[in-house]
Amino acid sequence: MRVKAASICGTDLHIYGWDRWSQGRIRPPVTLGHEFCGVVERAGEKVAAVMAGDFVSAEMHINCGHCHQCRLGEAHICQNLRIIGIDEDGAFAEFVKIPAANIWRLDPAIPEHYAAILDPLGNAVHTVLAGAIAGQTVLVTGCGPIGLMAIAVAKACGSSTVFATETNEHRRAMAKKMGTDVILNPAAENAVARILAETGGTGVDVLLEMSGNPTAIQQGFKALRAGGRASLLGIPTESVPLDLVNDVIFKGATVQGIYGRRMFQTWVQMTALLKAGRLNLDPLFGERAALEKFEEAFARLQGGLAGKILLYPNGLPR
Amino acid sequence: MRVKAASICGTDLHIYGWDRWSQGRIRPPVTLGHEFCGVVERAGEKVAAVMAGDFVSAEMHINCGHCHQCRLGEAHICQNLRIIGIDEDGAFAEFVKIPAANIWRLDPAIPEHYAAILDPLGNAVHTVLAGAIAGQTVLVTGCGPIGLMAIAVAKACGSSTVFATETNEHRRAMAKKMGTDVILNPAAENAVARILAETGGTGVDVLLEMSGNPTAIQQGFKALRAGGRASLLGIPTESVPLDLVNDVIFKGATVQGIYGRRMFQTWVQMTALLKAGRLNLDPLFGERAALEKFEEAFARLQGGLAGKILLYPNGLPR
Amino acid sequence: MRVKAASICGTDLHIYGWDRWSQGRIRPPVTLGHEFCGVVERAGEKVAAVMAGDFVSAEMHINCGHCHQCRLGEAHICQNLRIIGIDEDGAFAEFVKIPAANIWRLDPAIPEHYAAILDPLGNAVHTVLAGAIAGQTVLVTGCGPIGLMAIAVAKACGSSTVFATETNEHRRAMAKKMGTDVILNPAAENAVARILAETGGTGVDVLLEMSGNPTAIQQGFKALRAGGRASLLGIPTESVPLDLVNDVIFKGATVQGIYGRRMFQTWVQMTALLKAGRLNLDPLFGERAALEKFEEAFARLQGGLAGKILLYPNGLPR
Amino acid sequence: MRVKAASICGTDLHIYGWDRWSQGRIRPPVTLGHEFCGVVERAGEKVAAVMAGDFVSAEMHINCGHCHQCRLGEAHICQNLRIIGIDEDGAFAEFVKIPAANIWRLDPAIPEHYAAILDPLGNAVHTVLAGAIAGQTVLVTGCGPIGLMAIAVAKACGSSTVFATETNEHRRAMAKKMGTDVILNPAAENAVARILAETGGTGVDVLLEMSGNPTAIQQGFKALRAGGRASLLGIPTESVPLDLVNDVIFKGATVQGIYGRRMFQTWVQMTALLKAGRLNLDPLFGERAALEKFEEAFARLQGGLAGKILLYPNGLPR
């Protein structure tokens, strides 16, 4: 693929900062970058589904096809996953090589900058649509890029009241723009009490956990109604003590771990929502930069900038 | 309940016309009317959940509570259902008596005219939300009032392209107002061919059958994709020949019979969508009349008027 | 109801021991006992579903009927539950009074001693059937009475290999009798390693957590396959630290809190399994005693006896 | 693959008889046979999942991998399916060539004759497990080989009472051996009335339609309870008139078209049930013959013999 635009993920920031996880996982030299869109430059001989010139993105998780999970149609949690941009050379480059089965051909109606962030948007769609959402009250804990997208997806899919918690002021402002009904700063007020009050003491139907923060997770569970769904995408860096009796068992709650995107049900859903114009993600996009200016871009994101920065290895769009 | 507004259902037209079904089912004298909203006038001694003055509507199907279906939480298909307005005196009256368990207390934020049509809106919500809808392509066959509501509900809940078929020109115009993306007149064009063309040969994910017309049902199945869902609410008056092999079995399709509204999951979903302002049903409402002018209202509906007419037994709203 | 047989629950032991939870919850004097069978002695005037002489058991959770959960068909997690035998006088008595809606009429084909333990059997059935079970590998952590019943239910419903962990030797022997394929003593061997080895490194499809023991819970999650289901019924007495990233999120696992029995879907399922003779629970039954000998019975259970003891307030069976 | 045993399917009989369907579909010369087991003789260079000597069977439907259904994980209803033994040379031969992704490696614990009929057993498992089965009453209409297998699978997975209808006496006797509780001859008695009587007027929870006979289908729907599931696998040769109002819509029934086997969830379930010894299919097996005696075998099956005949291209088993 000739890369048109690639987007920086939180994971890329971890690797750039060379933290403990990165030191254990990454085997340099490797080209990073797993969120992108581009155009097929050349297709292998036996490839039937795409051809040179096609506008595409791709699922960067490569599954083995024969483990128990692959056989069950759960390829996104394959026992032998390899990730392009982590285990193999990725999209922060002029070109990136991707197996045909992982390519996702795009309708040209989908804008290029949206096409560059389908990987995280897929995380959001996977999380929101992992259970009933129409007519549901929702709490999104954590308004980083994926949390913000989840707010837009939940609203587009018929959720009723959407609550969100976030300590960063800039992100709260963005959450508002994405359609949040009630945005709360848990550092400044008792978010759980507020949510219970607004739901007549019942709590929310759905918790979408996007922060990975242990306190946010615990508060999220306290704000969840009996019989509710908690879908966890955010990644805590340590063990989290849970009040299982009161927050899960007596509540009859359902807790779902969410990883990646379903291959390829999530891509189908996401593309359908985009094509139909149901998602306005414009507030998410920050700056655009030529790939060689990557150091500035990483620095700005490390400084806490919300939103997504797009890198252009083959020239900025006009 | 003191009735504020009551709405005329297609079933009421059948009874008014005293057709064969009515002659077999109705035992006069009985007061008709099963779509309404009102205010609690007086509550029984042991009633805890509502009190005088509450703004309410009601589920008019009374279930027995002890048959197999009631025990399974499927009270809407109870083996011993009785219907207020059919088997017992209904809401085309100043007052109507309803068991406490069937009363649905309403948020005052819900407009009175919307509150009067929760029964058919519940049919629509039940049908649309009987399976996945977010990101799905949808075909609604038949744009009577419930079909029109289903279009609005499907759009509010994240469906992508909504197709609708309808031979009546006035109803096609209303379907457009409710948000239909592609409205087709099956009397004038090959609707199935058109839908297949617009979906790249695949067909729609979801068929919402609202007409009861055998030809529409057959065409609907032809337009359904392999693996799709067909939810049938419309009531055919005769046996319907189905090409089970090609339209259901080889397709791996799922066909659902839809009756009434789930008690009370559908009411919860419907109320949530209304409170959140996700449904614009304004185009549906036709005239309003004092109850004593009912003959005119029935005549207009028998003449093929689309939309809902509201009757007011206790005075027109200001 | 005239009580024929009543069974002692672990909860009754907690109350008998007057632990902290009991001191906070129980308001003496109250007659305990919430597992029983009997015969209707007299029915209220308006009661249509049962009559004097009927052989019955009952769901002892009384739900309010109008909270959010009741409206959603989730009465077992009603916000205003009251429990007969905890909040109101129960079945360790000659007679017990129960609302008609809670009575469960029994086929006389169901043996009396089985009929006396439908409450805990319902817990087991609710847990096992909360997700797919046919063809699934299963781990039951904790072989108290409900764990033992869960083993029998899982086997009857088509599970493939059933693993169980239990430190008590007597209970391990009983687990074997109930049909466990691989019974492990986690105090003596590395149960997780063993289960992973026996499943080709994949882990089990389903975890049924019946112990409430934090270590067992943690080990259960480690033995669960990616994409698996963990259904938690056992009640930990403290907060449990969970490795959410590796055990839930990256695994794409589904965790379910299980409380009580679904009203009345679980009763329908349980009765059907019993009537069809699919469950052999005979190894579970220990002694039988006249009610006035209750002190001995409680003492034996506190001493760690496995199985259920039945008390007879109206005379022992011949 | 070196074929060890291959089994004759009803489809093979249609082709052997060269009926209208066969004339339209088959392009001779082609080797038939799509039910088999064997041993990998040689694996392609890039094949990682199997190797020479592995004991295997295979899914004979080859899916395209890129149509809408393939992307949704519904490969069994791929828009571009090709079938080995129909569209390409099959297993009535010493060797058969099969794409690696379609090979299913078998545990040597699975007996060879069982391994040869995984294709139709998969149809049965797919049908039975397409919805809840534990504790359900079941009606199997039609006791050909797949109907007989479905009876065994339903019992193994916890169904309560299993009814079956069949006009052929020999097949009724086999249905009894497979575990049917109530076997009915619809040519000699009113099967619907009998089933309603035995279920207290309610009807069965699940209809498994295995006959393709229009009358059996109509009767099956009449015997289905409100809210029940009808899973249709049998293939009618003409359009079937259905009383949609009373049998599907007012009943709130769910009707499922079942085709093939889910790739590869059904294979996982089926293998697990077999490995655990939950299915006794021995009564199903009729004669065994060397492949060159195929004419006799086809003649016997055309004569109405129940059960499966196995053909051995590489020598009969000792």
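The letters A, B, C and D name the chains in turn, as written, and every chain counts its residues from 1.
The rule is simple: a contact is a pair of C-beta atoms (placed from the backbone, for glycine too) under 8 Å apart; a residue touches a chain by one contact, two chains touch by 3 or more.
Keep in mind the model is a prediction, meaning the values are calculated, not measured.
Common neighbours of subunit A and subunit D under the contact rule above are B, C.
Across B-C and A-B, the chain pair carrying more C-beta contacts is A-B. Here the spacing of subunit B and subunit C, counted between their Cα centres, is 41 Å. Centroids built from CA atoms put subunit B at 37 Å from subunit A. Within subunit C, the positions touching two or more other chains are listed as 68, 72, 268.
If you sketch which chains touch which, every chain touches every other chain without exception.
On subunit D, the positions that touch subunit C within their shared complex are 125, 129, 132-137, 156-161, 181, 268-270, 272-273, 275-276, 278.
Only residues 67-69, 72, 74, 76-77, 79, 200-202, 217, 225-227, 232-233, 235-237, 239-245, 248-259 of subunit C touch subunit A when the two sit together in their complex. Subunit C meets subunit B in the complex at residues 48-49, 64-66, 68, 71-73, 101, 262, 264-265, 267-268.
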